[in-house]
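Structures are listed in the sections that come next.
The same subunit A turns up in both complexes below, where it pairs with subunit B and then with subunit C.
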Partner chain A sequence: MRRAVPRIAVAAPPIAVVAATVLLWWLAVRTFEIPEYLLPTPGAVLEAVWVERDRLAWGMLATAIGASGGFAIAAALGIAIGSILGLSRFLERGFYPLTLLLQMVPLVALAPILVVWLGYGQRAVIASAAIVALFPVIANTLGGMRSVDRDLEELFSLHRAGLASRWWRLRLPASLPSIVTGLRIAAGLAVIGAIVGEFVSAYAGDRAPLGMVIVSAMREYRTDLMFGAIGLAAIVGFALFGIVNFGGWLLLRRWHASARSSSD
Partner chain B sequence: MALRGLCRTFSGDPPVEALRSIDLDLAPGSFTALIGPSGCGKTTVLRILAGLDEASSGGFEFEPSRTPRIGYCFQEPRLLPWRRIDANVALPLELEGMPREERRRRAGSAIERVELGGFAAAMPATLSGGMRMRAAVARALVAEPQLLLLDEPFGALDEVTRYRLDEMLHDLWRRDRFTALLVTHSIPEAVFLAERVVVLSPRPGRIIGEVVVDLAERTPQVRATDEFAHLVQRVYRLLLEAMGDGA
Partner chain C sequence: MMRAVCSTTALAVAISLAGCGDPDATSRGRTSVSVQLNWVPEPEFGGFWQAELDGVFADAGLDVELIAGGPSVPSAQLIASGKVPFGIVSGGELLSINERGGSLVALFATFQGDPTAIMVHEASPWKTLEELWRSDATVACEANLPFVTFLNRKYGGENLKLVAHSTALANFVNDPTLAKQCFVFAEPVTLELQNVPVRVFPVLESGFNPYTAVLVTTREHLAANPETCRAMVMALRRGWDGYLADPTKANAAMAKLNPAMSVEAMNLAAKKQRFLVEDETTRSHAVGWMTGERWNTLAEQMNSLGKLEQIPDEIEAIFWQPPVDDGPMAPALEDSATS
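== the complex of A and B ==
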């Protein structure tokens, strides 16, 4: 039996923790008289966000586009690569180290190369987000494909199912719980990848993405604006994560334990 | 349909000889049970017939030579947990490429026949073990097989549920008259369902003998008759002989 948990009991703890953190932050700045350019007060950050709201809104939009574009590419490519590697041990052994390499290469070092290849602007940002987000999707898809129930595979052999039909009707749905886990991780990483990409490749101006806002605010020692932009980047990450989470829940709620009783 | 000199040895170190020279005739519309100690290769016979495994030598012939449509019931229901019961039952038709409407109609009627009407839209996880097995039987029958292979399908169920499913299976067979080959550990189940009970020896499996079941009717009451008990005893004696314990 599932017990109904009152909404307030679910929402209260995180709200309390956030409120306490903001309060401590404010108290620390006041008590230790920390200069504004090192750590602004929460109020100063909010004010900066309000004053620069147009610029920040455009920045958020640009970053959201870069991150979700990269995420979409990582999701499609990752599921495809994971599925193909899942076809045979031979392929897995041959190519998996290469995908591991993807994870090991420091992306910050790769980002300038992406700019050389793709030019300044959104394309390099999307590529950067995609590369960072790709690995967990591949790894989790492969994990899912590897653990498809042998008995169910046999059921499909019995009916002489072809490879495409097997993938669509058995392996993909069976791997979904694990793919969704990979996509959740990828959602957060895509925002990180986008911001790093923006550091090196983005354009300045009124409609600059958040990564660029952070860089220019740094040059002007506008710490309050930096904090504001970082906070908004986190909100973009949360939003992307939330969308992925909701999509996963929609797909799994009817049959998989991970999507049930999540309110407990 | 006939098995001729069917042998199966699994490679390994040492190789395991599972089946030795099995000859078995299956008349169209007949119901045969294979019984034997565990590990005697009963399931292997079914798997070879279904094309899930290959004979080391020998094989089977079909008359006419066309391969019959085969339905297979595994030991477990093996339902796809993300599909509703009706979509699970329709799976064999879907893999054949049958149009959706036709599929739905046929799956619906198979679901009715196994007395699961009203649960077509249910997800497998919400059903009891017996109901899931019923769905698996419906899936095996949905393509109207000429040969139904049953690999101890009700072995994991409680006794009462098992009796009821045996009765249902008997009714389905009497109506549709597919050829059935049942592998089971349960002598009463074999006697209740089959016209002929074939006894296999321990590994490597060979045919030791068979008992013809000439029950006039197969109602639930027949299980309580002396005639039924007598047939069970005969099969049991053969099984003891097969295991080398004498009788």
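== the complex of A and C ==
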């Protein structure tokens, strides 16, 4: 019989690592007398975040909208494309290299042309996020579709199940753990894609997204504000990851070992 | 020009681990120094290439390595941290980074007139910068730069839509309503050669006119190597004099290093930037000459715009330049022997 792990034992390791990292950071700045334009102290970053809280809150919201939009498109398209490619080896051989291109394409180089195609604002940001986040969803969906139990496939064949029924009742549920893994990876990537998109396509002003805040802060040597904005972008990524994780747990908790073990 | 985000942490750690060391070294009987440019080889750096090609650096006892910059190269931090002894920044950047712990000293101001401008399509309705700034146009620019805040203060700009600025011109060409930040001798020249007619509004006409493309070093480097710094400035003056007389040789050399800009474009750009390099001050002193009054004006303007918390106590301490009649250039080896 397994004993439940106390909550403090779960929370302590990450808290200790984060605290030690912040302490080392502070010590490094003090010991090596690193000037502010190279690396601010953790305290300076927190102060900048507090002073600029309104602007950064709007920035987080704008970036979260861009990243979520891109993630949603990547999730829908990725599951659809992965499922279609999983139908036949011919389709997979034909189209998989093309999807691989999405992984290889340097987004920083592609982003300016997205502005030409889609104009300034959230559309280019969402497209940028979707492009980066799409491949892991396709790859993991395809992997899931390819690893469906052969005996179950034959059972569905015996019952002359149609393509849609086979996908809905067998392949999609069997692929879910793999798809959730792909979505977790995509969640973090979507935020990176959104930030890169914002570098070249965002509107400036008091409600500018975090990508624009990062560029502006860097240009003014405000490393405190820049680090603060980067930290908040990471929080947006964590939040999106958490939502995906929770959704995955809801879908898998009753029958899959990965969700059951995490809920123990 | 957009200077995008760099890995500041990595840079800081690298500096801490490696130490700054002596950035100057002696080789072939000359002092080896590097200059970190803040952009790719273009006519704004013409004097450097001219000095190299004419052997002026060599005559001055210098072996100069010109390091090309780009949108992601953190030039100012590299110089301020001592990774390179010399480099190019804007006047505003110098004041900003010094307020955050840097110790940059200006040695030579290439542009007496700031080349920053806003360009619009010739068919657009805006005839002046003020008209544009009071409209509801979309302007691609670095919105946090001091000149944008200055224009907002002067002309309002409440209805403007400011969007991210990138070096790519495709979106400007495609959008006849878009206005875009540029250098008067760079993007408009490229577009002119592509038969895209534009109207250019220099920002300096609004009253905001910082020194631009400023050669800087750190206070520590200047104190330890005054002869090297002197030799560099004297050589650069001669280089610029040569480039202004005939830029074709240097332009051909730079065009080989920057395929994005043809020799034809460079020659045209060199003509267009001339009035920004030369003015009454440079004619009565020397090219690249700076005055405390100009630096003070910039510091006061940046302070009033909220871009600088304090005006430096001693404005004279942020720039240094050898007198015009400083005699023949002395070889710079003395410094390396003593440093």
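Keep this in mind: the second predicted complex is superposed on the first by the 262 of 264 C-alpha atoms of A that agree within 3 Å, B and C clash if a C-alpha of one lies under 4 Å from a C-alpha of the other, contacts with A are read in each partner's own complex, and residues count from 1 in each chain.
The definition used in the following text is that a residue touches a chain if its C-beta (ideal position, glycine included) is under 8 Å from a C-beta of that chain, and two chains touch if they have at least 3 such contacts.
A quick note: this is a predicted structure, and the numbers were derived from the prediction, not measured.
The superposed arrangement places subunit B and subunit C next to each other on subunit A without a clash.
By the touch criterion defined above, A:Phe199 lies against subunit C but remains apart from subunit B after alignment on the C-alpha atoms of chain A. Of the two partner chains, subunit B is the only one that A:Glu154 touches; subunit C does not reach it. Of the two partner chains, neither subunit B nor subunit C is touched by A:Phe238.
By the touch criterion defined above, A:His256 reaches subunit B but does not reach subunit C. When the two complexes are overlaid on their common chain A, residue A:Trp168 makes contact with neither subunit B nor subunit C. Legend: residue contacts after superposition of the two complexes on their common chain; A:Phe246 is shown touching neither subunit B nor subunit C. Legend: residue contacts after superposition of the two complexes on their common chain; A:Trp26 is shown touching neither subunit B nor subunit C. Set against each other, subunit B and subunit C touch different numbers of residues in subunit A, with C touching more.
Overlay on chain A (Cα): least separation between subunit B and subunit C is 46 Å.
Residues common to the contacts of subunit A with subunit B and with subunit C across the two structures: none. By the touch criterion given at the top, residues 151-152, 154-161, 165, 169-170, 173-174, 176, 254-256 of subunit A touch subunit B in their complex. By the touch criterion given at the top, residues 2-6, 8-9, 11-13, 15-16, 76-77, 80-81, 93, 96-97, 100-102, 138, 140, 142-145, 161-164, 166, 168, 170-171, 174, 307 of subunit C touch subunit A in their complex. Contacts from subunit A toward subunit C in the complex involve residues 28, 32, 34-39, 112-113, 115-116, 120-121, 198-205, 208, 212, 214-221, 223, 226-227. Subunit B meets subunit A in the complex at residues 50-52, 70, 72, 74, 76, 78, 80-82, 91-92, 94-96, 123-125.
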